[in-house]
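Scroll down for the structure; my scribbles are underneath it.
Per-chain residue numbering starts at 1, and chain names A, B, C and D are given in the order in which the chains are listed.
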């Protein structure tokens, strides 16, 4: 259910409608738009008496929303959501006509490794730094991440270079800490339907980057985001990272058609992660370009929704081209990550950094 | 790494080897077999000095295990694991030459509903009752289960009919309660790679039923079980419930070939859940029969280790054939479950209940 | 469109209705049932004047058939189709309450090889012998089959042991020859949507074994069969042989749920081919048993639709257990087949041969 | 096996080597490159005596090729293949740094329909016109194409507007006619492993556009092309058109990562068909842009070898936006095509027409 307010409705009137909705035992989600505010209602299990709401001052009409997702839907909010991620070097804008870039190592291994990568990324125009402190690993015997120690290293990267930090939370304990240390809370593909974690992220004060599950349908993907929004956190960014198919030449099949499909159904921004999507170095740059291209709006180049590409591990220990001493050293003390390491140089990143 | 003990090694000797392993900062997992005990070692990141261990009294040899899964592997334990699940009416055996049956409603809705279903199942020879108190739902607006209230209802079913109770835990909080109230802790398909939850289940005192993720490879499935065993809980049952494919005539594609594949690689018992696997009533019984058949060992009918799990709603409110008053009533007060409800009558269950 | 005749309608009346249908430029397909005959109409692009047909003597009613498949549909013919395949040793019945078995080598390589395999299969109760004379190979450089020479070898197997011969046709030229030499024309998975070939098979006088395409939906599978029936050949047997999915532990994912799904929608018999479906020897027997089990009708054992299992290459050259001299010799002169060779012994086949 | 000739080897020497190869019962495939010629050898089942060939004048060395595909491999020919398709208005270049566009109706329905579409496409810079005269249809009751009548209509389009004509052949009979009337012979996805048809196409004098099968792996795709080359026709263009996955929001999942993957392994040009790949109008333009972007070579913009194929029905009868009288009329006399009809206007095509 959606309550559409008049364009000149006052803050007071909006508050009144919300209060009335909550008095019915429901939850109100005011969604301000450029022209008017709409108020999403969730929690209703039966029919709601629309008369009560439609007669309130400032209300235009009540619209039943039939789609399974409500708050993420473009029916609820027609304009693209544009997120501002506060970082020490100013807000990073996600959405609109700029391309946001996220880059960094797969796993945080040492302070030296992270600072070295960050120094190089800084020059290429990347403003969001990602690296895993908590790693969801297929094997219980693989390196599971440095935990809070890793978050502290990321903090230093943040402090020294002014990056916004994106890092994954894998359960409610780690989410508490990620919320404290980082700027964006990542929910990984394996946890896309970990509904307890999604609800916890929905109560967080930081934006959420939600990765598509390996075999998630579009509806399931949007419903996972709906979990986060339904708890009150509207700062959600989606991320396509490849799905699982019979195709065996790449680790996953990057489903770029999901970008226009999401944009048709939802106002949320969507990222593409071509490094997990392909797992092969020589495919990252072509697919990053394709990711940028697929998001261009057909009717007007002004509405290019911004998408982010992650080019991980700019100088991972397992990369043969890298011979800087410190990461090599760290590889001895820490088990090397099993995820593929992809080396992308600065000029390549700079190429991508240019808005269309 | 696996330490193979002599067949006449004493308890004392086994304890000594374990103590020595732990003194090296590693974890020891003694796995008693009918002939001898093997001790799995996990936690080793580098090379272990085998000399120290091989020279201990009672040790035959140390074998490096190259597979990513160790404790679940048949290399570690050659005989099928046979689990005893204590219930008020005696142990239910899972593994060996009997077929265990699990049945019950999708979601616990009311005490009346559960007792009615339980009464009918009791007559059909089912000894494990399943029903969800915590429901992982695609939509945040769907009925999420009764929580602890549901667990209390399941307790009454347990008390009144002597069933062992199987129910799902979705996070560490619910796992604490499920461990307290139920006999088997179920980890659902969506949480198969929720590694924090798997570790918590590995520290539980109750057996774990681990369902295969919707797009989990066989290795990922076994590695998820390895997470549970690596924390010390060796009472794990696997469950095939269908995977996600292009095929559109059933909800999922039941991958029965995984049964002999698991049996070749692992000693763990494996269930099949044909109701989630197909989502269609007319396919449940044929596929249940196929599930029983696929587990029969080719060379000798004594080694049938496959077991079938039946989770269809024996008398769910949404079934048109059911006209008993109480479940109908409950459907009004509770949102009806969205999962397909499959009506299987008692004689059908009795048919399946007969061991081959 | 379906014209339902009265139960006591005469042959003459049925002929009259068919004649009238054809006079409208359409095609009539009389389908005799145990109670009455129905006449399927195909070729109608617009509306047909039902009045003309319904007023003819012997006609009960005309029913529009909305499904995309008509002649294969159970709406058109309620009873299971039971096929009689004439062989030198009498008719082999497919459908009903017996399990038909088909076995033989992947490719026909030499006369010695085929006669040796045939001799062993004869003892195990198999009555249909299959072997490829035309092999659809992924590589142009792989052995493409012996062609007509292979068909002549199969003829000798037929003559000497009384087997019915099942062999694949890959184009219209080979179909002409297969129709001449063999008893059942196989259309392989790669050609399931080779519509020219399907139409040619529909004009053949021999029964057709149609294998499901690697990524064919159920509707596409039934529509492919419809192509054959629509040309007048109603003797079609379907065959599930595994579909392509992300799952990597077996060559294909055997989709056994398709058996009850086909039986619900169609009257055609369905085979299961677990050797292509799994590609692994240790899975063939369990999955053959499962294939038999999945087809058993729940309510009455009288309606068990017969299904056939193919256990290929009872003594293929590449099988390590086989040491007979001639196949070994032939392996030198012929490139060995790339398809997996699975050795199933006679007692195993005999086990399967028993009807339920 | 590959015979590498000296850069200054004469035509005469090359002919000699080929003659010698053929005298060994093998097939020689001279592949001229910008620096030197390599001669591929196919048909060898055992070891070849390299000494004979390496001692011939002009030969540098003989290299064994281990990949299953040989002639399509970049090992055989390092430079991108650049095809020249002769058309009445001059050669259309496929490969290199231009983007070729192919557009036209799904099925040829009437002369008026085709001429109307062609007239609009002419203005947008498209130089290859495609339309189906032979339609491989899932249902035997769907419109199967106009056959030779359709080819004659395409001839008129060719004559009037100077387009090169691309149209599908579905069997050897239709291929004879397509070869006569059209400029490019299309092999559809359903026939990608119709090896008899591939061989026939390999003996054709016209270039071949080979579409990827719905569940073809990369190796199978390249091997299908190898079939065509192995018969002597080296003018092959590949085409990605989407694969079949669980994902249900689009008809197929466009696998754009196959473009860099093909380019790494093969010298053949590759098209992308986003209209079949997505089946949705609003996704065609974004995915066309992505297709162009994914083919751009990372290190140098001069080597863009990716090309985009656009096959949407520019003014199909079933498009709601189109109200021109003649296509509407034809829709009455011909069953409308079941394939999705996608309306793309001229300025959109012009946008794509610009090389990067």
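We take it that a contact is a pair of C-beta atoms (placed from the backbone, for glycine too) under 8 Å apart; a residue touches a chain by one contact, two chains touch by 3 or more.
Please read all numbers here as calculations on a predicted model, not as lab measurements.
Q: Since chain B and chain C are copies that touch, just let me know if over half of their interface numbering is common to both, same, or not, different.
A: Since more than half of the residue numbers are used by both chains, the interface counts as same.
Q: Tell me, please, which chain's centre (mean of its C-alpha atoms) is farthest from the centre of chain B?
A: So the farthest one, by centre of C-alpha atoms, is D.
Q: Between chain B and chain C, what distance separates the C-alpha centroids? Give it in angstrom.
A: It comes to 38 Å between the two C-alpha centres.
Q: Measure off the straight-line distance from the CA centroid of chain A to the CA centroid of chain B, and report it in whole Å.
A: Chain centroid spacing, chain A to chain B, equals 34 Å.
Q: Can you tell me which residues of chain A touch two or more of the remaining chains?
A: 215, 219, 244-246, 248
Q: Considering only which chains touch which, how would you classify the arrangement: line, ring, star, complete or other?
A: Shape = complete; every chain linked to every other.
Q: Which residues of chain A touch chain C once you look at their complex with the stated criterion?
A: Contacts found on chain A: 215, 244-246, 248.
Q: Which part of chain C faces chain B closely enough to touch in the complex?
A: Chain C reaches chain B through residues 215, 217-219, 243, 245-250, 253-261, 264, 277-278, 280, 282-283, 285-287, 289-296, 298, 348.
Q: Would you tell me which residues of chain C are touching chain D in their complex?
A: Per the stated touch rule, the residues are 42-43, 45, 68-70, 136-141, 144, 170-174, 190-191, 193-197, 199, 214-215, 219-220, 223, 226-227, 230-231, 244, 335.
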